[in-house]
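Got some structures for you, see below.
Here subunit A shows up in two complexes: once beside subunit B, once beside subunit C.
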Partner chain A sequence: MTSFALAWRTAKRYRARTLLAIAGVAVIGALLFDMLLLSRGLLLSFADLLDSSGFDIRVVSGEGLAARLPIADSARLADDIRRLPDVEHVLMIRIEPATVLATGKPPRGISLIGSSDAEQSWRIVKGSSLGSPAAAAEACPVLVTRPLAAALGLTPGDSVSINVRPPGVASALPAVACRIFGIADFAFATNDELTAVTTMEAFRQAMGGGQPDADLVLVSSKPGAPPGRALRAIAGLRTSLRAYSNEDVVAQFNRNGFAYFRQISLVLSSLTMVFAFLLVATLLTVSINQRLGEIAALRALGIGRPRIASMLLWESALLVGGGGLLALPLGQLLALVLDRILRQMPGIPERMHFFVFEPRALAIHLVLLMFTAAAAAVYPVWLTARLPIADTLRREVLG
Partner chain B sequence: MPLVEARDVSRVFPMPAGPVVALRNVSLAVDAGEYVAITGPSGCGKSTLLHLIGCVDTPSSGSLLFERRDTSQLSEAERGRLRLTRIGFVFQRFFLLPMLSAAENVELPQAEAGATASERRARTRELLDYVGLADRADHLPSQLSGGEMQRVAIARALANRPALLVADEPTGELDDETGEHVAALFDRVNAGGTAVLVVTHNPALAARASRRLAMKSGRLVE
Partner chain C sequence: MAALALLVLLTVPLSADPPAILVSRQLAARARLAVGDVVTLAVDAGGTRGRQFRITGIYEPTPDPMRFTADRLEARLHLPDVLDLTADPADPASREAVSAINLELAGGAKPNLFASDLMAQAPGIVVRPTARSATDDPFVVLDRFHVAISVVTMVAGTAFLLALMVIRAEERRETVGILRLVGISRRTLLASVAIEGLVVAAIGAAFGILLAYVSEGLVNRVFQARYDTALVFVRVTPSIALRAIVVAAPLGILAGIGASWTLLRREVLTIFHR
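And now, the complex of A and B:
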């Protein structure tokens, strides 16, 4: 009869205690698992979002990503970048606040994006893209987000007027007549974002006819190019610019934007571990106190401390392991619900998730539970190891 | 030659209200194959003496020799090994593991002693047959009567062929008739060559011993 078999029989014998412990650990473990998913979920989701755009380098003005000021002579910069041997594709972006006016509707403030590439970073859900022949023939073809289409009742083929209103300056830019070609989902758009995208040429007209400088240049390296070489080459083109790899962007957001979630998840994970430890340690201790006579008798019969200790460790492992395994589907289910709730917060891109599964989270979850199981068994093991056999037998008879 | 010998042993329990002397300078030798019964009123020190002789406790003074070895010189692990292989314990409350069957309870000390699975099975079958419970091998303790549980406990105590069987009030939880059956079993165990030391209030059980000792206030009085 192995220690594991003894622990298994004990777990079966004390069914109510076992079920209680497993249910408790499952609930606590689910919270722990969710905290682990949350601790890096936004980061992973954000990295996935960046990678899915197809660009691995972002070039902005010297003020950094947050300021997003226009890059002087960005068209020449884009040409210079295109000529670099490790660069495959370059896209210029300019974003400005604007007002859109549709027939019979009040004006709505939007973000207007000018893009040098008609086929990038969005998914058409209705209509056609800016790269279609009909759009190419139009002076100001426009794609709109679903929230904007819903707000103004727009469908492909509708006409709107767009008036760019650069921030911080008094503007008398004329409104430009545009035609809706499609309704699209934008990778970084939030679920309530009113955004329209048009060609750089149309954007130039909307800005009054001058050549507008891009405030963001997106670059994709050639497949197989040595990591970092294109980035270093771009950074060397103009010292006044800043070039970021996707990893740099993620690291920057990790430092600035996601530290809050990491800290919360660290505190809550630690608390859930303490709860799991207390639950299992309490149940094991109570169970041991109920079985002191049995254990003293086993010791009197010559059953050694190591076997009794390993039996208790196995008991703890069975309770924590059973609960920990149940915690995974339970935690995943809970994560889906919580993710849905949190994603309703304003300003969160639709494709971002708070709870993202990664094997690392599973591994940490299992290691933490193993640690909890071992820690929870320490006191009961110590209790049985120092159990005075004769005194306990005497007390049991008197009791 | 004594199997176990207590020489002038005393046992003092420190208590908050002051030390309690449970045994006072007791000397006792039990020979191999002997059957000794110790009687006396509650609290006279019978169980304390039994625990010392059974090596689950150590004397505050004096010495205890088991097969000429001074047990005070043994480590806890060595005393555990001695109990496992040379001493069998029978308790008033049986203390069978409730989640194990009768056979598994008997197998447990054998497994701890390193017996192989086939050796354990054979010995367990033999012992359960010996105590008349071969047909209850797969029953859990909760499915057995008090007398049956005590017989399983005796089989468990004999599992590793001990030289000494110590029993603390083995009939204390049993009715007279069942107690008689258990007492008869001790006779058979002793007749097989195993020394038996019984602490009991039961005069009928004590009467079966070849030597009867009485205790009073921590001393042997006859």
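And now, the complex of A and C:
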């Protein structure tokens, strides 16, 4: 009989404890799997969000991404960028806090986005885009997020007045009459964000005339352009500006905004590993102590130490492997619950997730569990290896 | 608050009596500053509108969990000194501008009501209570996340305890049979395994609390050194310890009873395979 067959028989004979041990490993394995998904989940999700916007370079003022100050003479900068050979598309964005007033509703504070391109960075869920002929004929066509539409009961065709309130300056800008053309999902909008987007021309009117400078210039490189060449060319246009590739933005996010989750993932992964090791090692040890007579009898029948050790390794592998396999679907379910909890955090874009599956996480999960199974069997193997056969059998008979 | 460039004074002649400033511990360490040093603060690295200040103290910034990854390179100046330094000379109104005003309301005043009243009376300003509501507090969400993780760990721990108690029950199969034969009732035996489960769970919980208490200092020191902050990351409070015991005790009793139930409900002879 092979050592695996012996281990399988033991597992079947002590069914209750085997099932309970597998259940324990499955639950703790699910937590370990989730922590591995969390370790890079937000980062992967953020990178995916950036890539899905269709732009691969972001240009901001010299103060960096966090400050987002207006870029002086941004229209000329955009023209210069457009002329670069590796650049396909350029979009200028300006965001200012504003107040929106709808008929019969109290005023609400919103973020007003001015965009130089009517068709980019959002998905229309109701109504028409800013590029439609009707919108083009309107002085201030506006798209709003679903939370804003719900908060003010807005539908396409409604009129609102919007009052821009630049921060840090005493301002008395007049309100601008606007018409809602659509309700849209914005890639980076949070689930409670009150945002409206309009054309750069309408934004200019809302800012009291003049040419408002963009605070963000989004650039997409031509397909097939050598990586980094457009970025270097843009950075060379004006040394006072900062140009970031999507990878740069993700790296910055990784340094500043992701530390807590990386740390908690590391701490909890380590703890769950230790927990799983203790669980299996204790159960195997207690089980071996109970079966010392049985193992001594197997040794007396001629089954050698290596086969006994191999049997114990298989027992450990059955417990950890069974639990580890169950941990995968259980972990996915648990990840849904934990993700739903964490996404309630203020300021998290609606399309971002904390737990994102990647093959790397699965590979690490399997390697860690294999290591746990092997480590948990070490002490029981040592116990059985130095078991005195005759004494043990004699004690069993007398007992 | 304003972003200023700090230029350590080396050769520039000293002002007669430079105004006092405090610098954060992190800034003092980074720029190798000490109390009594004179430094020049300017609005940019080129030294525009630079002014000299004497460091009169080094302070530990109030730990802020929202900014624990940020470098706390800060200095505290008297407001008139900041305005002298940062106000635009071409704009007299800029000396009148501050970025925030902190208010302490009289007892009984409702912060939300006060905020909405003030915003209605002074359009263009934003008034916010300093206390966060449950909907915009990330720590409320993190607390829920930690509770969820605790529940999962507790489920795994219960399965672990149950498996151990099952092994213990199987081990004592014959002992239980003999005790039943000499007349000890099922109820008494059930009470004994419940007490055993309770003791195992309570000792486990106490050991866990002790381990958490001992490791608390280590965890805090590691993370405080990693992020150069005085923020306390882990704190084992009496209420947390009590909660751990209150949750573990009934689980231990249930595990003890559950594991022994199949053995105890049998007829006494079947325990001896008769």
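What to note about this one:
Going forward, the second predicted complex is superposed on the first by the 397 of 399 C-alpha atoms of A that agree within 3 Å, B and C clash if a C-alpha of one lies under 4 Å from a C-alpha of the other, contacts with A are read in each partner's own complex, and residues count from 1 in each chain.
Note that a residue touches a chain if its C-beta (ideal position, glycine included) is under 8 Å from a C-beta of that chain, and two chains touch if they have at least 3 such contacts.
Here the structure is a predicted model, which means the values were calculated and not measured.
After overlaying the two complexes on the shared chain, residue contacts for A:13 are found with subunit B alone; subunit C is out of touch.
Legend: residue contacts after superposition of the two complexes on their common chain; A:154 is shown touching neither subunit B nor subunit C.
Contact with subunit B, but none with subunit C, is seen for A:1 once the two complexes are overlaid on the shared chain.
Legend: residue contacts after superposition of the two complexes on their common chain; A:297 is shown touching subunit B, with no touch to subunit C.
When subunit A is checked against subunit B and against subunit C, the one touching more of its residues turns out to be C. In the superposed model, A:47 lies in contact with neither subunit B nor subunit C.
Of the two partner chains placed by the overlay, neither subunit B nor subunit C lies in contact with A:91. Subunit A residues in contact with subunit B (one complex) as well as with subunit C (other complex) do not exist.
Interface of subunit C with subunit A (complex): residues 68-70, 93, 97, 99, 123-124, 126, 135-138, 141-142, 144-145, 148-149, 152-153, 155-157, 159-160, 162-164, 166-167, 170-171, 223, 227.
Taken in their complex, subunit A has these residues touching subunit B: 1, 6, 9-10, 12-13, 293-294, 296-305, 307, 389-390, 393-394, 396-397. Subunit B meets subunit A in the complex at residues 47-48, 51, 54, 56-57, 76-77, 80-85, 87-89, 91-93, 95, 97-100, 104, 107-109, 111-113, 156-157, 160, 168-169, 172. Within the complex, the subunit A residues that touch subunit C are 14, 16-17, 20-21, 23-24, 27-28, 30-31, 109, 165, 168-172, 192, 255-257, 259-260, 263, 268, 275, 279, 282-283, 286-287, 290, 334, 337-338, 341-342, 344-347.
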